[in-house]
Amino acid sequence: MTTTTEPTPSQAAAMRHAKAKDRKKSSGRLMIFGFLSPTLIILLFMVAYPIISLISYSFYNFSALNPHEGYKWAGLDNYSYLLSDSALWKRFIFTGKFVFVCVSLQMLIGIFVGYQLQKAFRGRDVIFTMLMMPMMLSPVVVGFLWRYMLNSEWGVVNYLLSGVGITDVGWLSQTTPALFAAAAADTWMWTPFIILLATAAFRGIPDTIYEAAEVDGASPAYKFFRLTLPMSAPVLFIALILRLIDSFKQYDLFFALTGGGPGSSTETVSFAVAKLAFSYFYTGEASALAVILLFIIIGLSMILVRHLNKMGEKY
Amino acid sequence: MSDALLKLSGLKKAYRGKPALRGIDFEVRPNEIFALLGPTGAGKSSTIQAAAGLLDLDAGQVMLDGRDVTDIDPACRDLSIVFEGFNLLPVLNVYDNIAFALRSPSYREDEAEIRKRVHATAELLRIAHHLDRDVGTLSGGEKQRVAIARALVRRPCMFLLDEPLSALDLKLREGLRSELRQIHRDQNSTILYATHDYHGAISIADRIGIINQGRILQSGTIEEIFARPANVFVGRLIGSPAMAFFDAEVEGDQVQIKGCDQTLPAAPFGLSGRTDGAMQLGVWPEDIHVTDGNSGANSASVYAVDNRGYECAVQIDFGTGLFRKVLDEGQTLKQGETCGFRISEGAGFLFDQASGACLSHQHEGAAR
Amino acid sequence: MAAVSRSDTARATRIFILALLTVYVFFSLGPIFWLAISSLKGRADLFAMPPVWIFDIDTTGYESVFGVGAAAGTASAYGVTDALVNSVIVSSIGTLLAVLLGTLAGYVCSRHDFRGKGDFLFFVLSTRMLPPVAVLVFYHLMFARLGLTDTRFGLVLVAIFANVGLATWIMKGFFDGVPKEVEQIAQVNGYSRMYAFVYLVLPMVRGGIAATAGFCFIFAWNEFAFASILTTTDAKTLPVKISSASGATGIEWTQIMAAGVVLIIPVLIFFYLIRKHLLMGMTFGVLGRN
Amino acid sequence: MAKVELKNLSVEFGAFKAVDDVSLTVEDGEFAVYLGPSGCGKTTTLRAVAGLQNATQGDILFDGERVNDQSPSERNIAMVFQFVSLYPHLNIRENIIFPLKARGMPNAEIARKLDWVVGIFNLGDELKRYPGALPPGTTQKVSLARAVVRDPAVLLLDEPLSAIDEQFREEMRWELGHLQRELGVTTIYVTHDQREAMSLADRIVLMNNSKIVQVADPQSIFFNPNSEFAGNFIGSPSMNFIDLSPVANGFRLGESKAVLPTEAVPEAVRGAARPIRLGVRPRDVQLLAGPGTVRVDLPIEDVFSVGRERYFTFRLGDEIAQGVDARTRRDADTAINLRPEGLMFFDAQTGQRIAANGAVL
C-alpha cells in the first residue's frame, strides 16, 4: 500500500514551483471594477443625471414647449404654489385613500388565503400557481378588462350584483364607486403578491416550532396569534412596504380604467405630474411635483432596503 | 531552510471593524499533524483561509516551505483544502471531482497519469466503486472521503483540513480519523487540522495550537501543554475531564486555597517576584486525590457521576466551585455522597486572576 | 354531547372557509377567463345584457388586430403587428442586456465586500422603485434633445435601466445560494477566480439566470408609461397601441379584447417557465433562497 | 411520573419499516437512552411515544393506559428537539412559561413554577434575553427548563446536545446527569453519541436497522455486548475484530502469522462448528505482560500518545488493530498481551456473541 517510490512532498513541491509561475495575488479589485462599471454607468446616466436635472428644473419656471428661452429663476415658487394648490391636496388625499383601501384589503385577503393554502391538499400547487397569474399581467390590459366588466349597462359585475339585489351601480361614473372600482382592480392584480409572501413567511417557520407548540398544548388560535403571526411579521412587513410603494405610484391602471375620471376625481399624484408635464407643459411645476413624489418613494425604499438586508442576514 | 514548513507570523484581519485575527503566530513542521483547537468563532477558519491565501490580510506574513507566499495567488501555493460541509462540485461526478485538482493550469497532468493516480487514491480511501456516481447520491462519510481523495491525489506540500469530520456521526469520525492518521504515516504528509473537538485533536495531532478570540494562546505537544498550561482557557479546554480551578490567595510563602482548608507551600510554584494577592490555582485532576467518606483533608459532595466503562468519573462540589476527576481503579461514588479530596504537593499552576495567564514557572513537570 | 357540537362547529367553520376560498378563486381567475371569451364575441354579443355564454365565434377582433382576412389592408387594419414586433424587440434585447449586466453586478455584490456596496445596492434597487412619471418629465426633454424619441433604441435603453436593478438583486440572491467554498476550492486547486466564475458558479445558477430573464421580460413587456410618453408613431409597443384604441371615437372593444389576449399570452408562457422561482423574483432575491 | 411500555410497536412510512416490532418498558423515574446510528429508528420511536407520529401497529401504554389515540398534550409529555426547540421571537421568560400560559394556568402559579425552575437551572440573569443571543449550551438548558416546568409524565429528548460545540457538550452532559437524578422524571433520551449514553443512562436501548439490538445498563452492555454491532458501537476507541482460523496449536489471527493459544478460547466456544471472530477492546490489549495475560507474538507498527494515554497499532493482514498501554517501551515490543477477561467471541456469519458456556446470546 505504501508508495515508496513517490518523491517526498517537499521535493514534489519544489518541482512544481518551477512549473507554476508565482502569480501575484489579484486582490479582485479589477474584477469588482470591471463587473460593476457597466451597470453603474447606465444607471448614473439614466437615473442619477435625470433626477439631478429634475431637481434643478424645479427651481425654474419654464415650459418644455420652448425650452430655449424663458429660464426664469423661480426659487421655491413652484413648491409653494404646489403646496398651496387645493386641487393638488385633493389628489394627495385621493391617492392616500386609494393606497389605504388597496393595501389593507390585499393584506387581509392575502394572509387569509396564504394561511389556508399552507395545508397541503390535492391540486394545491396547481391552484397556487394559477392564483399568481393576475400580478403578471400588464396593468393596461387589466384596466381595460375591468372597465369592460364594470360598465354600468352591459358590465358582467352589475349583472352578478343584481342577482344579490344591488342594482346598476355607476362604477365609473360616480366618485366613490370609482375609488372602489380602482381598488378592486388593483386588489385583483396584487393580492396574489401578498399570498405569495404570506405563504413564504409561514413556510419559513420550521415544523418543530408547531410540534413544540402542540406538545405544549397550544390551541390552533393561540398558535396562530402567538406564534405564526409574530414569527412571520418581518416578511409580512416587507410585503406591506412593497405594496405601499407600488400602489402609491400606480399610473397605468388608472390610465386604462378611469382615465382619471369621472372629472378628475380619480387622478392620483402620478396622474397630476403627467398632466402638468405632458398636457399643460408647465415643466417647472411638473418637475417640482415629481421631486416631491420621488422623495416620498425614496423614503419608503430606504425602509424597505433596511428590512430586506436584515432579512437577508437571517436566511 | 527553517525547520518549519508553514510559518504564520502576526496575522491580523478584521471584518468591518470586528477583529477575527488579532495576531496569529505558529508554525507547522514537515511531516507533522498540527491541530488548531478552539471553540467556534475563535478564528480557526480565518487562519486556514489566510494560510491558503483566500483572505486579504490586514497585516502579517505567511511563509511556506521557506518562501514568502503572503501575496502569492492561492493557485500557486501548492496546498489543498477540505472543508466541513461543502466540498464537492455538484456539476461533476466523483471521478471528475477528484481529477479536478489535476486539470488546473498550475498542476495539470496528462489524462493517463490522472487516471492512474485517481484510481490509486480512490483505492486508498475505499471509494473506488463510487467513481462514476453523482455526488448528490453520496452519504456524509463518502462525501468527505471523496474530498480527502481530491486533496491527496495532487500530493501537495501541505493539507489544510477545516473541521473535516465534525459533521459526521461519532463512529464514522473515529474511523476516518484513524485512516487519516494512517495515510499521514504512509505518505509522510503535513497536515494543519482545525477542530473544536478536544478528543479529535489529541487523537490525531502531534502538536496542538490552542486558539481563542483570534490569538494563539499556546502551541506544543500534548505533554508540553500538560506540563505547563499557558492560560486558564487552555486548562479548561484540555484534558478529559479538564483542569480543576480553585480561588487562591498567596500570602508570603503560603498559598491559601478558598473553599478548602488545605494550604500549599508557595516555593514550588516558582513565582517570579513578590506577587501576593488573589490568584487562580489550576490543578490537573490526576493530581487531586479523592477519598470516600470524609477522611481526606477537605470535605465535599458528589454533584454528578459519569461512568465510561473502564473508569468512573465524578464531579465534586466543594462549596465555592466544582471540579471533575476520574476515580482510581475500582473506586466508586454515588451522586449526593460526601467525600474528601487532597491536592498533592508541588502540583498545580497559579494563574493571574484578570488575564488568566500562567504565572508559575516551575520546570519539573507536575504531570508524571 | 359537547364533543359532538365541538366537531360540528369545526365542520361549519371549515365549510365557511372553503366557501370564502372558492369565492376568491372565482374572483381571481374569472376575469381572465372572461377576457378570453369576450375576445371571441362579435359586437352584438359583446354588449348583450344579460351577458351571453353561448355565442358563435366572431374573429373580426383578431383579424383587425393582425390586419388579415376581412380587415386586410383596410383602414381599420389596426396594425397591431408592428406594435407586437416593437414589443418583442424592445423586451428581448432589453432583457438580454439587463440580465447580462445584472449577473455581473450581482456576482460581485454576492462575493466581494467593497466600500460603498450597501449604497450601490440601495441605488440599484431604488431605480426599480422610481415612479416612471416622475422621471419621464426629464426623459421627455432628454430624448427629444438626443433624437431618441420614437426609436426602438430609446425604448431598449429604458428597458435596460428599468430592469437592471431587479436583475442585479435577484442574481445576487441566486449567487448567495452558491456556497463560497466553490471558488475557494477552485483557487486552491490551481484555477483562476475567473475560471471558477465562468465554469463552476455560472452553471450552478443556470436556473437562476433563466428565471431572472423571465421576470425582466415580463416587466419590460408590460411596461406602459415610458413607452406611451416617449413614442409617437412607429415605435409604439403593444400596451401603448391598445391604449390608443380608446381615443376620441370611443373604444373599439373587439380590437382591445383581441389585442389584450395577444399581449397576455407571452406573459403567461414566461410566467409558467419561472413559476418555481416566483418568490425570488418578486422579493429581489431575498426570500426563497433555500 | 409514568411508566412507559411499548408493546410490538411498528411504524411504517409506505414500504419502509422505520420501527420494526419494538417491545420495551421504561420504569417510572428511569433514564433510558435510545442509542444507535442515524436512521436506525430511534427518533421515530421517540416521536411515536410523544404522539407526534402515530404507530402503524402495537400499543403505547403510560402507566398501563393505552395512549395511542391521545394528542401529545393529552399524554402530558414534554419534549426537547434537536435544533429548534425555543420560540425565537419570545424572550427566555416567555419561552419557559409558554406551555403554562397555553393551558391557561393562573399567573400566581405560573410565577411560582417559574421561580422553582429558574432556581434549578440557575437562569436568573438570562430571563430577559432572546434565544438568538444566548451562549451555546444555555439554549438547551432553557428548553429543558420549559420541558420540566410543567412536571410532565415523561420527558423526551431528541439529540439535544448534538448541535453544540464539543466543549459545551461535555459541560451539558454533566449538567444533564445531575439534573435527571435530582428531578427523577421518567426520561427517554435519543442520541448517536455512545459517550452520552454511557454517562447518562440507567439503561441503554441499543437500536440498529429499526430493531432493538440489546437493552442493558451501561456497565453490562460495555463489558458484555451481545453482538459485534454492540461491541463496536459502544466504547472508544472501538473494539478490534479479528477472524480466527483454527491451526495446530491454537487459532491464527486474521491473515497474520500470529497464533492465539487454544487455552485462551473457552472449551464450549472451541467446540462450536462455525467460524468465530475474536473481539477485544484496545484497553484489553497491552504491551507488557500482566497477571494471567495471554501472550501473542507479532510486530508492533506505531506508537503514539493520545492525551495522557499511549496507543499502539499492529497489523493483521490489511486490517489495523489498536491497543492502549501507558507503560510502553518502543524498542522491546514484538508481542502483545491480551487480558483474558477482555476476550469476546462472536459467530463470524451472524455477528452474534458466543458466551463462555457456548450459548449464543
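Each chain carries a letter (A, B, C and D) given by its place in the written order, and its residues are counted from 1.
Simple rule for what comes next: contacts are C-beta pairs under 8 Å (C-beta built on N, C-alpha and C of every residue); 3 or more make two chains touch, one makes a residue touch a chain.
Note that the structure is a prediction, hence the values are computed from the model and not measured.
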(message) Between subunit A and subunit D, how many steps is the shortest route if every step has to go to a touching chain?
(response) 1
(request) Between A-C and B-C, name the chain pair that shares the greater number of C-beta pairs in contact. (result) A-C
(request) With centres defined as the mean of C-alpha atoms, identify the chain lying farthest from subunit B. (result) C
(request) Please report how many Å separate the Cα centroid of subunit A from that of subunit C, as a whole number. (result) 13
(message) On a C-alpha centroid basis, what's the spacing between subunit C and subunit D, in Å?
(response) 57
(message) I'd like the Å distance between the centres of subunit A and subunit B, where a centre is the mean of that chain's Cα atoms.
(response) 52
(message) By the touch rule stated above, which residues of subunit D touch at least two different other chains?
(response) none
(message) Two or more other chains touching the same residue: where does that happen in subunit B?
(response) 53, 73-76, 105-107
(request) Could you check subunit C for residues that touch two or more other chains and list them? (result) 190
(request) Go through the chains and record each pair that touches. (result) A-B, A-C, A-D, B-C, B-D
(message) If we count contacts the way the header does, which residues on subunit B are in touch with subunit D in the complex?
(response) 39-40, 169-171, 174-175, 178, 181-182, 185, 196-200, 202-203, 221-223, 226, 236-237, 239-241, 286, 303-310, 313, 315, 324, 335-336, 367
(message) If we count contacts the way the header does, which residues on subunit C are in touch with subunit A in the complex?
(response) 17, 20-21, 24-25, 27-29, 31-32, 34-35, 38, 46-51, 101-102, 104-105, 107-108, 112, 114, 118, 120-127, 129-142, 157-158, 160-161, 164-165, 168, 176, 190, 193-194, 218, 221-222, 224-225, 228-229, 239, 242-243, 246, 251, 253, 256-257, 260, 263-264, 267-268, 271-272, 275, 278-279, 282-284, 286-289
(message) Which residues of subunit A touch subunit C once you look at their complex with the stated criterion?
(response) 20, 26, 28, 31-32, 35-36, 38-40, 42-43, 46-48, 50-51, 53-54, 57, 64, 67, 109, 112-113, 116, 127, 129-141, 144-149, 153-154, 156, 159, 188, 191-193, 196-197, 200, 204, 235, 238, 242, 245, 248-249, 251-252, 255-256, 259, 270-271, 273-274, 277-278, 283, 286-287, 290-291, 293-294, 297-298, 300-302, 304-305, 308-309, 311-312, 315
(request) Mind listing the subunit A positions that touch subunit D in their complex? (result) 1, 206, 208-209, 211-219, 222, 226-227, 230-231, 233
(request) Could you please specify the touching residues of subunit A with respect to subunit B in the complex? (result) 1-3, 6, 8-10, 12-14, 16-17, 19-27
